[in-house]
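Input: structures, listed below.
Below are two complexes that have chain A in common, paired first with chain B and then with chain C.
Let's turn to the complex of A and B:
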């Protein structure tokens, strides 16, 4: 009889998470080495969802591409065409009418409200507080109904065009949007209160997935992930565009860099977004919302960047004599943010992996396009 | 809000989901759905075909004139065609009821025809398109519009050039 005392379970082993991940419903594969319950090393394997959209943009005209870029990502679906249009407008020297730039902010911020509530609701879902998750999604539904009623679609709102916005608002729709915001705002304030007091949420999110300020800078993270780690950076303020320089934009930061901080940044930004829409609708200048012709975009190159709900979206556009662009390249926030997962997941508990991954609000459809 | 408050509220308000298909679904007036084409207003400029990102719109010559087809199974309901159409010949209705059985997949098409006509001036065969006269000043009267419409492109240009502008 042998006296083999080697334990039957090795103390370290690696587990696959993904490619169809619980938090994302998007394909991403993590190879996670654990020691007992604790994550020791994270290998990120991306590239499962390549759709060749960058190539496709060079097969379509600039005007068709406004629609194609909107379909890169469903939650940032307004930021992509807006940034693309900004780059094209820069090349052609197109000036967007005043009313157009205010309406661009309205569209952008309404989408931000929907996106932020969605992400924080998913976080609540992952903590297991299903009742509250349903409640948050129901509040988000008010925003989705608003998008559908004002723009004609819940996700691809089709607000942007080269030289302005495609939609316009009248007295009736302004009153409708304001009434909907008045329904959303108290609920979001209640989310904030709940996030500060609810034991279930606090226990699962405080001091979990910490990204220190120094590591945040190392990874070059953007958006709410950066602001949750105390980096006071928002493209809407740093490289202002549309009407943001005239609006009371507040940039929210937190210092702890944990899952809770990132969620709190998103919730506070939702309140700011509501305020921004209100101010825009109050100060809305008259006139046209878009230019009236379809000018050719001359040869040239330009970059543009905006603050999408997930952070900075960066576009590079090069045009030539043809109607199709020669090259379109974009850099999306998740590209930098997922790198930071290596730090956030270090020494985390296996049970927290989903919560931490969700906290960067990953979007793979745009990162892998 | 804590769990018990939410629970009590949900008991009071009942389910939030829509009763569809047993009841009507929320459909805003502006919903961008099924495409409708109105050949009467079409200028035949084919801008819609050019700006359509999906390639859903196809114009083609036929013995009777020019046909318009919009394939609803290709359309992404972006609304570019309606937005860039200089007249209101093409627009999106809020009808989203586009589910269909496999056998009907080639029937999900909005079809239209811009018919041929004989030019009232030179007698040549031409398309009976709506005249492109948006920028003509002063605007044409109803009678003049009819006059222009009945002509072929060449004669239309001639008519507009020779038009006596009342001062």
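Let's turn to the complex of A and C:
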């Protein structure tokens, strides 16, 4: 009697993840070659949310583009019009009033708080810790309420304009924002404690999806993905703008480059953002929040950069004699961060794919425009 | 208080013998922005090599087709009508730094680098139908920028390791930013009737 001893070799096959997938929020298509449960090769197929917005910007006037750029993406919706406006201001030599630049920081940091908590909450959701996910989203809701109360909108807050901001705060709204921040801060401190101690979260995020410091430099990644791999770079400090040179900005880094490190950078940055808003509202200069005319933007070209929640946003603007820009080009942080996934997913377990993809805080509508 | 090396211009000039158009400005907060036009786009690689050596990070690549500078309006000679047709004078085409004709079809490619927080933009002018060397072997993240550039414009990037489509499907012709694509065509419905005709035709075919 003979037994058929087939050698037990892990089968090699390809699995599609996306473009529509329960664990991905956005339509990216990964072609993943696996050996058993282990990822061996990652193919990235993009283009499912390509809308031709770069072309559209050349058909709108420069002032209309402040509105259009805000609609590229919802989570960093404030960073796009701000960076675009900064480029236009550079070409036209417009100086934003002091109060305006402080209010720009307030809007930007409030959006960052909402964005960071949202991403880390989704990570917790993907680890299967649903009650804590719901709790975190409830805390993020305090921030969303604040945005809605101060700006009139939860996502596209319409705060930016060329030459300043379109909103202003008074004593009552300052007191309200400070009270809301006082509610959020202890909760975020609790999130940090939980992330350092909770076994469910630690087991799913520590040493998972590692991007080494060297690979982070090779990929040119930015934002919390870079800082999680020990790259000490933040546009707010390195290429400072608005009022950041006068604010107590702390740049947080981690060294392990895993999913946990990137989440921890985001949580610590949330605390820093809360501090920045407080200092801005305390030191808020009087006067105008924006310039009072609508100057023509002369022919020229300029670049501008800001630190969006996901990292460096880079704008190029070229104008000519007409009211429409000749070329607008921008690059969002996620553009490079996708490629870094190839390193993070190498030899990862299939079950961790969604967690690792989420850890770059991907933004597809920004990437493809 | 620029963080760039003081001799940056000289070091660039040493690797780009065809000349560089160097300009620099530092804003009130101390952030320096450098614009660096190349006299010859073939010298992009040695310049990029130097920037890599200086610890530069590639932040973005912008490709544009600068419009031709507007012609000065000439006074029409009215008494020309009954005379013989004048020979059209050869038009003087404006040229970029380095001599690429700015006729509305040539390309300007801006390579935006970051060196320790300061921005250095290297500008290469490429005539229509021309080619530029890939920077992907030096800067891995040039990959997507160059692939996107190749689908938006009729420009060739030589030695790109993977010149496949990035966002657009392979069935779509490249250089989409160089031609007018009516919105109705873009969304696959040249007119409401056309769309229904096509559906009706498909239905017949299936029956």
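Everything below uses one rule, namely that the second predicted complex is superposed on the first by the 355 of 369 C-alpha atoms of A that agree within 3 Å, B and C clash if a C-alpha of one lies under 4 Å from a C-alpha of the other, contacts with A are read in each partner's own complex, and residues count from 1 in each chain.
By definition in this document, contacts are C-beta pairs under 8 Å (C-beta built on N, C-alpha and C of every residue); 3 or more make two chains touch, one makes a residue touch a chain.
None of the values given here were measured: they were computed from a predicted structure.
J.: Touch test for A:60: chain B only (first), chain C only (second), both, or neither?
T.: In the superposition, A:60 touches chain B alone.
J.: Where does A:282 make contact in the superposed view: on chain B (first), on chain C (second), on both, or on neither?
T.: Neither chain B nor chain C is touched by A:282.
J.: Between chain B (first) and chain C (second), which does A:203 come into contact with in this model arrangement: first, second, both, or neither?
T.: Once the two structures are laid over each other on A, A:203 reaches no partner at all.
J.: Can you name the residues of chain A that touch chain B in the complex?
T.: 60-61, 63-68, 70-71, 129, 131-132, 135, 138, 141, 145, 148-153, 156, 158, 161, 166, 190, 194, 198, 294
J.: Within the complex, which stretch of chain B touches chain A?
T.: Residues 1-3, 6-7, 10, 16, 26, 28-32, 47, 50-54, 76-80, 83-84, 92, 94.
J.: If you look only at chain C, which of its residues touch chain A in the complex?
T.: On the chain C side, the touching residues are 29-31, 33, 57-60, 62-64, 66-67, 70, 110, 112, 114, 116-119, 121, 139-141, 143-145, 165-169, 176-177, 186.
J.: Any idea which chain A residues touch chain C in the complex?
T.: Touching chain C: residues 46-47, 50, 52, 54-55, 217-220, 233, 237-241, 245, 303, 305, 312, 314, 316, 318, 320-321, 326-327, 329-331, 335-336, 338-339, 368 of chain A.
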